[in-house]
Amino acid sequence: MSDYAEDYSTAELVCVAVAREVEDGDVLILGSFTPLAFVSYVLAKVTHAPNIMYMAYSSVDARPFRLTFGSYEAAATAGGVARWNMTECINSLYLGIGVDVEPISSIQADQYGNINISVVGDYAKPVLRGPGGAGAPEVVKMHRKMLGYFPNHSRRTLVPRVDFITGTRWKISNEERIKAGLRPGPIKFITNLAVLRKDEEEKPFRIESVHPGVSVEDVVNNTGFELAVPDDVPETEKPSKEQIRLLREVIDPYGMVAFDFKSGKERLPYLRDILDREVKALGS
Amino acid sequence: MSDYAEDYSTAELVCVAVAREVEDGDVLILGSFTPLAFVSYVLAKVTHAPNIMYMAYSSVDARPFRLTFGSYEAAATAGGVARWNMTECINSLYLGIGVDVEPISSIQADQYGNINISVVGDYAKPVLRGPGGAGAPEVVKMHRKMLGYFPNHSRRTLVPRVDFITGTRWKISNEERIKAGLRPGPIKFITNLAVLRKDEEEKPFRIESVHPGVSVEDVVNNTGFELAVPDDVPETEKPSKEQIRLLREVIDPYGMVAFDFKSGKERLPYLRDILDREVKALGS
Amino acid sequence: MNRRDRVINQNKVAPLSDITRLIKDGDTVAIGGAWLSSHPMAIIRQIIRSGIKHLYALTILGSVDIDILVGAGCLDRLMFSFVSMEAYGLPPNFRRAIEKEGLKYDEITGLAIILGFEAAGRGVPFLPYRGPFGSDCVKERPEFYKTIKCPFTGEEMIAVPAIKPDVAIIHAQRADPAGNTQIEGTGGSDLELAKAADKVIVSVEEIVPTDVIRQNPYKTKIPRFYVDMVIEAPFGAHPTSSIPSYVGDPWHMMKYMEMAASPESFKDYLSEYVMGSEAEYLEKIGGPKHLDVLRKLAREVKLL
Amino acid sequence: MNRRDRVINQNKVAPLSDITRLIKDGDTVAIGGAWLSSHPMAIIRQIIRSGIKHLYALTILGSVDIDILVGAGCLDRLMFSFVSMEAYGLPPNFRRAIEKEGLKYDEITGLAIILGFEAAGRGVPFLPYRGPFGSDCVKERPEFYKTIKCPFTGEEMIAVPAIKPDVAIIHAQRADPAGNTQIEGTGGSDLELAKAADKVIVSVEEIVPTDVIRQNPYKTKIPRFYVDMVIEAPFGAHPTSSIPSYVGDPWHMMKYMEMAASPESFKDYLSEYVMGSEAEYLEKIGGPKHLDVLRKLAREVKLL
């Protein structure tokens, strides 16, 4: 009998795929509200990577915690061994010892490894003003692996050339990276359809795997730039039964991980429902 | 009846003179074992400058404390409102908001406001290798007032030109200091004989005051460089009765302040005696 | 603010309305907190109430703090690396102001802003780092990023300039009347803001005697000599969080998003929630019972 | 040390004798503590016991830690801004070695050394500041101080290079087996040493479970990912202090000064105090009764 789960959502598959990118001994950072990243890290920590170190808000080396909507920040903070503010965190981790991976979601990403979290359209008069890149412009080049995640793999998101380069991998091939004093490592985009990967400046992203039930054509047709398609594209490894059990029963009983995969309209009602359940669980 | 004390030691006079240089609102630092500076700051704080802030070792804004030989560091640390290590301290205080005064003792000082805490003789093959300047080379120029104290005013200490410039005031006149982005303020040397002061690059130190019982000639004869002597040299203000009472009964009952004024040979026996009394006071 | 006065003054406690003594029309104001955490929201509401205008607001990771100031028309200009309502979507007033009304802004990368504040606090006119090479942010604001060569290794670095706001506004757990400020939860770069700014206003959940501060000096992140005014403002970070006291308020954030969706309904938001007093605000958002839920959510966490 | 191993290894506890796994002949070793406080003296005695030689020692504010290493012939070179026995006089071995034996040294100004360590820890090859203009220290070591112009203001600054020791040795209050280290008293720039060094050895008064560390996370100054080895060494800073546990030992310092006065009597010092075990050392300096006095002196302080 297979250890793989049969019943899982796309969100869970992507979450597990991100968790699999985490290796034991990694140094990671949690900050913005990104349930998928939170859940992935905690899943990695309670399974194959027990010794990873994550900064969670101002809390250093936070313990694994159950993700909820109301109290995730309090939970992340409660278990830390030290407190660092953001300045200490950037100087010591981002610029100092270096962060290994940090899943980043963006409005657009392109074939060069550029990401856009700033504007759609003209910078001076944008159609959409996005939130901005926070530290991404500085740190995506420094991460050991650059990890983008895209809940909605489409030609609107994965474009030939981003409208605005908020951040970029800068140096891509291991040779170029080492020459620039950066740790070697690939770019990976994990989407709701596939895992794409880029290792060289001059070569396009290639399909590393397609998710179960997704065809290579779907991936190619929904990507706005050229992809290298290997003769034999493997299927993305499914979540194990144990991973799904941990997600649903222990780490993420409210299903926070699905949040990113909801449409804009679905999101607030979804969160409201989680909140209701969470407050009920508090008792009076 | 005068409020001034009649019975005081030279050490106490110098200590009070240093305390008088402290103004309320000053930011000060205690580090190395310099009982005279410790006692002066504490005296200032419990009298005319209750709101000064001093860093004492890693303790921010330490409370005033009784000086003892065995436990001065513990006492300085016990009352702090925060902890900063040396790096935070230099970046925030020395380089950041700026320290107002810090009495510095040196092997030699000269007519240009240079101090030598490094070597007597040739740098490569010195007659005496001193302790080195710690942060003095960087910070004496930044202090609002530069304050040297010399328990043994002599031509060996106050020399025409130091053998080695460990640190220097760099810019002396208020005009030059302001131009260089430094706070205006004089150089003062407080010795066992007098207070000397320099305000201009081109003008010599002048005698600001001579201690009671010391003649202007004594000062001039014991100084290795030219001094400007005003027509009417005032006497250094004596300690008040209350200052002496505070020193002897409250702040420094063991007489630590006299330490710097002892000869090399007297010092260890002096400290040993203080220790004996201190341990006796501990009880069993 | 006179540095000496800061050190001498041991009682900086003031009512919220006194912020107008330190924040003036046209000032550059750095805002503490990060994401949806620890923003000085009571002070921000008071800025709006007091009618202070033409501000240049500086934020590293802003959210509702920035959106409400933009929506209330208090800003002439904005520096940010990130403004997001996180789970709740994009900030409605911020978007409208930039997309439709031409609000002037400087989008400066996150680490650069922090280093700029840090530089000011440590008395240097610039700090170097391996900057945002290749980012269009550099092209848009070239005056903020200069190439500098390491004189030892020859490496090309980016220098960013010291940033010196007129005022920093910060919310924290507790302070004594002299301004010794303790931060327990998410701190952003509040210390660096305080060091960089000419004037610093701290609002706190509670003002305590200095002896309480000395009981755990390790929590004290902003010593008194950086602080000019201390304001007691319980729930002063609401609707953002002040961990470990209370979590951010998702119910109010949803209400905010709804009412900020159009300029008209945002006016209603301001008059209903902001233009009264803070006491009225806390009643309107749900009163003591609701605040207890937010406190409880901060306590009842499940570590694995 | 491999950075990943540091993060993975959650049990770094080792006996003192294991320092030879990390410190090798010829290494550059940065020594924690400052003045007569918090120096890692147990590790230093073990360096002598183990016969490790040809070290380049780096200290900011050194005292007996440096003097004993110099006297035992462990150093080929020394970087310092200050080496003093404070109340006890000038360091005898240090003086002899420089005045008579031509020990090579780099006298680098105090802030420059600290900034050099800090630069390494924050991933920059240099840091700028308003350096020791006019000091002859700059003339003696011009390769350490380079003039650099601020690209924004045009001001002339001094740049100092990143300092990257092979090993940092530090003494602290407590750590857990993974290396999360708490410092309560005088800390020197221990954190920056730990960040800068390739390998980090921490000795502590006591090793505690991680839950104890989490009880007051605000005291944790060096997180585990900077630490390679944790050694339990009660009174491991002796004869220097480890506030608030115990004060420096004036009686032993006077004994030290007496015996370090000549090379011959210093040999006796080494064989009597250092060449045995740490347990023997603690007996010889006075045993439990004496150690209690040092503890008591640290507790019974008089605040005014």
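For clarity, chains are labelled A, B, C and D in written order, and residue numbers in each chain start from 1.
Following the convention adopted for this analysis, a residue touches a chain if its C-beta (ideal position, glycine included) is under 8 Å from a C-beta of that chain, and two chains touch if they have at least 3 such contacts.
Computed from a prediction, not measured in an experiment: that's the story for all the values here.
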{"item": "Intersection of the contact lists for chain A and chain C", "value": "D"}
{"item": "Maximum centroid distance from chain A, chain identifier (CA atoms)", "value": "B"}
{"item": "CA centroid of chain C to CA centroid of chain D, Å", "value": "39"}
{"item": "Distance from chain B to chain A - Cα centre to Cα centre, in angstrom", "value": "58"}
{"item": "Contacts with two or more other chains, residues of chain B listed in rising order", "value": "79, 83, 95"}
{"item": "Residues of chain D touching at least two other chains", "value": "122-124, 129-130, 155, 184, 218, 221"}
{"item": "Full enumeration of touching chain pairs", "value": "A-C, A-D, B-C, B-D, C-D"}
{"item": "Chain A residues within the chain D interface of the complex", "value": "23-27, 51-53, 59-61, 79-83, 91-92, 95-98"}
{"item": "Sites on chain B touched by chain D in the complex", "value": "31-33, 42, 46, 57-58, 63-66, 68-71, 73-75, 77-79, 83, 85-87, 90, 94-95, 114, 118, 123, 125-139, 141-142, 164-168, 170, 181, 250-251, 259, 264, 267-268, 271-272, 275, 278-279, 282"}
{"item": "Sites on chain C touched by chain B in the complex", "value": "3-10, 121-124, 176, 180, 195, 210, 213-214, 217-218, 220-221, 223-226"}
{"item": "In the complex with chain B, residue positions of chain D that touch it", "value": "34-37, 60-61, 80-84, 86-91, 94-95, 98-99, 102, 107, 109-112, 114, 117-118, 129-137, 140, 155, 183-192, 221, 241, 243-244, 247-248, 250-251, 254, 257, 293, 296-304"}
{"item": "For the chain D and chain C complex, residues of the former touching the latter", "value": "122-130, 146-148, 150-153, 155, 157, 159, 161-162, 184, 216, 218-219"}
